[in-house]
């Protein structure tokens, strides 16, 4: 099936969703996906993200729909569903617009960065008696930022919410960061090859997920056959 | 000429663009005069074929490299502010730019996913700043874009941000 | 002339003097040739009366401000621009204040991003100083806050820094 066709079907499904037939929707979705050649879809990233969005919206509505699970949906719920549907659409449009605007802004920044500003301000120390810029330092703001940055750091290391007797993710994050620091570029397979127990492997994996989530490192797999490359994430 | 000397020296050592008012105050000249000096400096620089020029507008100025030799500067230039920024972060940046001042909740609502870590990333890069608090119970923090954001995108002010439709209106131009 | 363009652009954005070998390798020219271009650049700069020149010797070169600028400024009082620190710089400053003496690597680790340029900014503004070297291979530089930092924040000594939440009081801390 053509992608465009699939997308339009998904859209109409979304519109029709307030109709009362969950079973049908299930079948339809499964059929739709079965008929799709995933290879082709992956080639067209644009459409792929649209599909993901549409499907996500569908499932979100579906989940809400399934919640009461009683004979009839109450009319208030019905209205809620319609509102949800509109919201999902509005969100879809807004979301897609902003994500493209984000990319447009980034390409603007990239273009501007082709011209690089002078980087000599360390010389101001020795320039003339009065440097051109007087730095103000707000004590309150300083305290706030200090608190925030350490809380952020500590919360990465915390994991208080995990109460089970799990491997020490804390330690795993530290050793993960250290080995990435040492090697700058490494692979997941490389990291995993050093563990001795399955618990350690789990810890490494969790640590990696956390480190990625917090932006410490980037992980990338170009295609299925390649190793998962891991590198440190640099600022500015 | 004394003014030209002072302006060029200051721009060399300044940390980012210098506001025009700084020079008009310092040198006791009017804005028109200042802009003339800027143009003078640029025509000097292009005559001698240097690799940088003075980028200026009605608000600020800065010495920056010409854009046709970037590959020779790869090893000396600072890493891009975009380096390592994910598409979710860019999307969050766009939402904050257009909806500011805006709360984390509102950003998350628009994106449909929790956006705390994206906002934190943008904040630690200096593209986004806390701009106040919303006057409701709980006083949620309001976020906005920073001067660094303007400098990096090259907009003089937020008023210059194109309306969202403009990004989509002409499909066949674009980056 | 392309080489002049590349050399001037590189010197503008370089953070400190550039070794001559960098240019001879990049442009595939010999040293004599390079020194000629340097002299060329300097004669250009003095002709157009700019406030900086190229200081070079047989090893390195850099663009620096001319020494008579202070004389020009004697008669005027430079207005000061009040400028706050950006979030990246503030975060970096906070980490250095609490963790000092601390290496760049440790700061980057706590922030989660490479923090070299933030440290440079703080150093150039006198808020942060090099306070020693760590006694491990490679001797990484240790950073600490300056008296200027105390003066600006109004803390009388580092002991006055507020304790940060419950995060440091937990018994099982310390890495």
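Just a few scattered comments:
Note that the chains take the letters A, B and C in the order they are written out, and that residue 1 is the start of every chain.
In this section, a contact is a pair of C-beta atoms (placed from the backbone, for glycine too) under 8 Å apart; a residue touches a chain by one contact, two chains touch by 3 or more.
The structure displayed is predicted, hence computed values, not measured ones.
Chain centres were defined as the mean of their Cα atoms; on that basis the chain farthest from chain A turns out to be C. Distances from each chain's CA mean to the overall CA mean are smallest for chain B. Mean C-alpha positions place chain A and chain B at a centre distance of 26 Å. The distance from the centre of chain B to the centre of chain C, each centre being the mean of the chain's C-alpha atoms, comes to 21 Å. Centroids of chain A and chain C (each the mean of its C-alpha atoms) stand 34 Å apart.
Residue positions of chain B with contacts to 2 or more other chains are 9-10, 12-13, 15, 22, 52, 63, 65-66, 73, 77-79, 84, 124-126. With touch defined as above, residues shared between interfaces to two or more other chains in chain A number as follows: 116-121, 123-124, 127, 132-133, 152, 214-215, 233-236.
Those residues of chain A whose C-beta lies close enough to touch chain C in the complex are 116-125, 127-130, 132-139, 141-143, 145-154, 156-157, 174, 177, 181, 214-216, 232-236.
The touching residues of chain B, counted against chain A in their complex, run 9-18, 22, 52, 55, 62-67, 70, 73, 77-85, 87, 89-95, 97-98, 110-112, 117, 120-121, 124-126, 152-154, 164, 167-168, 174-175. The touching residues of chain A, when paired with chain B in their complex, are 56, 91, 94-95, 97-121, 123-124, 127, 132-133, 152, 213-215, 218, 233-236. Interface residues of chain B, counted against chain C in their complex, comprise 1-2, 4-10, 12-13, 15, 19, 22, 25-28, 41, 44-45, 47-52, 63, 65-66, 69, 72-73, 76-79, 84, 123-126, 129, 146, 148.
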